[in-house]
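Per-chain residue numbering starts at 1, and chain names A, B, C and D are given in the order in which the chains are listed.
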Amino acid sequence: MDYVYAPGKNHLFVPGPVNIPEPVLRAMNRNNEDYRSPAVPALTKTLLEDVKKIFKSTTGTTFLIPTTGTGAWESALTNTLSPGDRIVSFLIGQFSLLWIDQQQRLNFNVDVIESDWGQGANLDVLESKLATDGGHTIKAICIVHNETATGVTNDLSKVRFLLDKYKHPALLLVDGVSSICALDFRMDEWGVDVALTGSQKALSLPTGLGIICASPKALEASKTSKSVKVFFDWKDYLKFYNLGTYWPYTPSIQLLYGLRAALDLLFEEGLDNVIARHSRLGKATRLAVEAWGLKNCTQKEEWFSDTVTAVLVPSYIDSAEIVRRAWKRYNLSLGLGLNKVAGKVFSIGHLGNLNELQLLGCLAGVEMILKDVGYPVKLGSGVAAASAYLQNNIPLIPSRI
Amino acid sequence: MDYVYAPGKNHLFVPGPVNIPEPVLRAMNRNNEDYRSPAVPALTKTLLEDVKKIFKSTTGTTFLIPTTGTGAWESALTNTLSPGDRIVSFLIGQFSLLWIDQQQRLNFNVDVIESDWGQGANLDVLESKLATDGGHTIKAICIVHNETATGVTNDLSKVRFLLDKYKHPALLLVDGVSSICALDFRMDEWGVDVALTGSQKALSLPTGLGIICASPKALEASKTSKSVKVFFDWKDYLKFYNLGTYWPYTPSIQLLYGLRAALDLLFEEGLDNVIARHSRLGKATRLAVEAWGLKNCTQKEEWFSDTVTAVLVPSYIDSAEIVRRAWKRYNLSLGLGLNKVAGKVFSIGHLGNLNELQLLGCLAGVEMILKDVGYPVKLGSGVAAASAYLQNNIPLIPSRI
Amino acid sequence: MDYVYAPGKNHLFVPGPVNIPEPVLRAMNRNNEDYRSPAVPALTKTLLEDVKKIFKSTTGTTFLIPTTGTGAWESALTNTLSPGDRIVSFLIGQFSLLWIDQQQRLNFNVDVIESDWGQGANLDVLESKLATDGGHTIKAICIVHNETATGVTNDLSKVRFLLDKYKHPALLLVDGVSSICALDFRMDEWGVDVALTGSQKALSLPTGLGIICASPKALEASKTSKSVKVFFDWKDYLKFYNLGTYWPYTPSIQLLYGLRAALDLLFEEGLDNVIARHSRLGKATRLAVEAWGLKNCTQKEEWFSDTVTAVLVPSYIDSAEIVRRAWKRYNLSLGLGLNKVAGKVFSIGHLGNLNELQLLGCLAGVEMILKDVGYPVKLGSGVAAASAYLQNNIPLIPSRI
Amino acid sequence: MDYVYAPGKNHLFVPGPVNIPEPVLRAMNRNNEDYRSPAVPALTKTLLEDVKKIFKSTTGTTFLIPTTGTGAWESALTNTLSPGDRIVSFLIGQFSLLWIDQQQRLNFNVDVIESDWGQGANLDVLESKLATDGGHTIKAICIVHNETATGVTNDLSKVRFLLDKYKHPALLLVDGVSSICALDFRMDEWGVDVALTGSQKALSLPTGLGIICASPKALEASKTSKSVKVFFDWKDYLKFYNLGTYWPYTPSIQLLYGLRAALDLLFEEGLDNVIARHSRLGKATRLAVEAWGLKNCTQKEEWFSDTVTAVLVPSYIDSAEIVRRAWKRYNLSLGLGLNKVAGKVFSIGHLGNLNELQLLGCLAGVEMILKDVGYPVKLGSGVAAASAYLQNNIPLIPSRI
């Protein structure tokens, strides 16, 4: 059943799904259980509580929905908004595009602020919209914290600053799919109303859980939302939370135990250390790209992403060929350029349960592939640049000192 | 992380989730993969084709949706119908009730045909509705093939017969959650338009896949459906089927390989042998119930279910206490009576990857529990009745002859 | 790679190897590790200490040898004795026979005390030998605590009593392969000098660890033993114990973590509760055998074994046919009669991580097989007898009260 | 139970135990089974046959012994030789030293030919011994194919040439622990009489199987060997081979299925491709060492090992500190210098299921560590040298073309 076996480990550097650590694989290696027995609610209770920590929220309410990021988006929108509601949404790459497409198909009135792919959300335009919306027709701001397709991180604190500046009551809905558990994320401090992620991203689990945190204001909004939904309806969850049985329908027993293990690993490492590790991995990757003489798709340093780096290739190279070759010759999985950047970028995902030597192996592989496809890279140059930085910055492993 | 450890195997006899066979656990014990590499589409293609066989369909189109049975319901409804459409739906137990609740909340015009819990769908009433619906206001018949809460199996061939008799074009939407892969199910022969199941039932996988088969007529209907949906929209799947990449969003790599293994086991055993095995398990269970002097919640033999038996307890016993005691003393998981039958029935799920001696262990346990709670059962009586039948009917294991 | 797939769980009731609990399977689901890193010695240290508890020893020294029970025997003998040394050894069944064969081939002078198969060690003969051995020519008594082939448990406290009575300095070497972690075993109290078991028995691990506990007296004896050995030489272990690296050669990383998990489960249940559970399982099995009208191979109650029951079949039945049929029709694995009792007995192993309903499923299966092969058993009779006892004696599961 | 958790994968580059591929981990993730059922002998039969292929033998007899490499040594010696027999043995590093120690303690008359550590076996001395042994007092030549401690590969064909030249009937016993399944090994062609390896080396399994192939001449010799042994006695195996049940004592079910999976992977890749891959990994490593300005412990190219490279460090550096630091800071496991080369070398194991990018990650790590400990390495230099070679030599992955 392994259709395409190759010796050694697959080097998984797509920006999701990411490597699952062994303790998580172990935790999920189990039979099904009766989810109505006392055991599963007891486990669920700790998960709902502990999962708040990855959002840095104490006041939020969390939902673990058996779905993907796309479903989590839908859950965030349909529970807090009503058809026709005006949303301001930023189009900066493929994933923000897909979310906007969903918003439109769900019949919201989407006010799109577009940027070049490779730029962050244009907050100046947002400000002007807020400034002129004395009537509060804008019901929500929808923003992707980290646009996976281009490796762009938006500054959420600035969005909050603008909302506060104009005392605007719009909800702030954030796609944290490729940021939460990897980048600095502060639900409560930044006044985020709904934040969401998927289990297969920085949490390093299989796909299958849409993880949502809703602020009290979002929960309040959900009481009057007129969007039609059942599977994604928070009310059904809240009803079972009150009963103490927690589940309106059958959860994945394996993912619950897996999430427990994943959170335990995150907390053992320390969330701030996890974020610092991603910062190291991002910085090292960017130094390698620079050493290769290539450009980051992300146009300004303020938007650089520590979870994914999209690399622009010269026009005479098809970036899809790089991805194909990585897989066919080096057992390396890189991210494809999507849509507007198809053929122009390939991406290196450096998120989740990953360490520095894994990244350096990937970078060494990218160098050989670049040479394969005719780009005059100096072999070892990117690894040298990344190593020089890492050798100065990697801490000792606390459990081994 | 095992909150409630007990020695030996847990005896899992809830009507889902069910026991996962070892080969399936093994197949799922793996790291994530890039789902855009050639490997995952190649795997998906075989799955979409092979999964049709469990529906006995050659003309259907299949969808593997990262969701639960509840999501599969929503997918079936919102892709084929438009708000306000008249649906005829049968209320015969908790799961048909929940589906009807969903139908109503999705703004369909639900024409409910109610029966006593313990009876099957009242097809006489259906006939009278069809007979008087010359204008074809009924757009769909929604029916649960096997009502899990009461252990009632409906006769779908009769529904088809009635639709044909009145040349009625209504779609036939079937919840096969606790029937498909266990009971005789014939999508094409019975003219079912949408059939669905969940991975954690007779397929014996973890929760996480809603598995849907849509007839050409259902696909045609989906083109004009006005229900609002994005995550559940078949169009997005069909678009990626055409591209040969298959996935509009990230699938669970583990469940795909698990499904491959589960199908391989089913086909190795032979689907007809699987159904015969369930028939044996169902019959043996009913013989035990009879020997104990207890009544089946299902009121007539024609509705007896071969996947779940709901057992009525005397009025002086609380069936929930039976379930609690099973778990606390015998490491046995039985099904709770739900809603109208709460306290009155407990259920024995006998579906999925299960053999006769496992069932006999369960039945021996139920006998001891019945004695624990004060019911004057003759210990060994149910096992004796079941064994007498089984000893005459169990075939040799083909691979071991 | 499953040559002989059958639906549902295999019912594993041979007297070893036994069922591995899920938490142990999980713990072993891991990559290799460098055994010279600080992690493995740290783990080993806790194991060597904690494993003493299963022997009820505080003064012993433990060895975890990458071998089987046969290797553990050889280790016990060659480290404490010299070629030509006189050993008194009891021949009561196939496993004591094999050990004696080993003793003879290792050039010890074996003084065999034989009993009928189905009887325990003849301690009267031992006493007479001790009484007349004023010159202390007997260097060791070798005794199998629980003879697996016949289901006979010997009284070790009586052996100690006799040694003390005659102030005899002979070493007491005990095969505890099918007793330790299941039957009452008291290394220190009974003055056992070497006790040993194998990982695949009541510890419920895979095969691969020979586990040995040596008394200070045995360690002292090992200094002067002239038997030739290297792989099994305790000196090599002790050298690395002193260095704190623990391993003279590469251990199985997986079995070390598995042993950690197995011990954790044993200690969580409580060793005395584990022994009590085996007592219940043994008693229930014997009641079933009696109800079937069959005889226990073990001839007196004082020798009844709580880990394995060997059942005598009528002379017109071939017990091997029972074992074959169990496997071919019921996915049930029973123990074969070996050597002198081949064709005459089949055995039911009821040791390790096993609970009562599992056993009852097995007993129900045996009843059907007995009927298959023409024995006029009353179906349900054995289960009824066992259940009547169990229903009065099974405690609530402590973690679930 | 993970005492020393660190994020990301452990980079396992000790010369054994090595990384276990996922398909093998999956195959071993299973419950115990009755090894006397027809299934296990059927599996064993295919294993004994297929395992010959890794030795390139068609005439040999194979044994899968539940032990380690040390036990496999003992098995090879005690089955073919008698105490007092003269053996010629080569002392060239720690593992040949340990084998010689075993030979001496087993009372053979060991004629040691010593070389500097870093040199291969001195075959000139062997020749002079053979030339003067007209009386055939030499009963066996014992040689380590690949000395793990120093990374030295001996030329076995030359040993055979010398034996033939002098028509000497001595048995040729070969330790192939760190060579078989990785280096070119030709049992039949080279007239090897006993070859052996351990499961945790290039086969990429857990520790626990000593795998032995014996020539017809070795089997013949075993009939008259007077060495005392039971556990390791081939006769017991051969007896059960004849019976078709194969096992004189309980095998590890998990390792048997794991071996099946490991062999399947080897054969899928193709044994010659596996050897070529090891050749690439060895060459790349040596190029990196050279680029760093360091010396290989192996003194001449003819002895260079493609499975392990021992690197000499400058005298002002303690190589043990390199190993410690690798583990504490980079989650990298390197091999320690042992005995005479302690403190002077560290080793990089590049054997088993391993690919080029994994190795490059390791090499990048070693560079940073060298800098950490004060060696003036140019970061990226080793990776560059290795990559330049690999980029020209890595083939496409056949299953992905």
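Observations, loosely collected:
In the analysis below, a residue touches a chain if its C-beta (ideal position, glycine included) is under 8 Å from a C-beta of that chain, and two chains touch if they have at least 3 such contacts.
Which chain is which protein? Per UniProt: A, B, C, D = alanine--glyoxylate transaminase.
No experiment lies behind these values; they were computed from the predicted model shown.
Set side by side, the interfaces B-D and A-D show unequal numbers of C-beta pairs in contact, with more at A-D. Ranked by how far their CA centres sit from the centre of chain C, the chains are topped by A. Centroid to centroid, with C-alpha atoms defining each point, chain C and chain D lie 34 Å apart. Centre-to-centre spacing of chain B and chain D amounts to 53 Å, using the average Cα coordinate of each chain.
For the pair chain A and chain D, the distance between mean C-alpha positions equals 44 Å. Residues of chain A in contact with two or more other chains: 3-4, 19, 25, 27, 29-31, 38, 327, 400. By the touch criterion stated above, chain D contacts chain B in their complex at residues 22, 25-27, 29-31, 38, 400. Interface of chain D with chain A (complex): residues 2-9, 11, 19, 21, 23, 29, 265, 268-269, 274, 277, 327-332, 353-362, 364-365, 367-368, 371-372, 378-381, 383-385, 387-388, 390-391, 394-397, 399-401. Against chain A, the residues of chain B that register as touching in their complex are 1, 3-4, 10, 12, 14, 16-20, 25, 27-39, 42-43, 66-71, 73-74, 83, 101-102, 105-107, 198, 200, 206-208, 227-228, 230-233, 248-255, 257, 260-261, 327, 333, 336.
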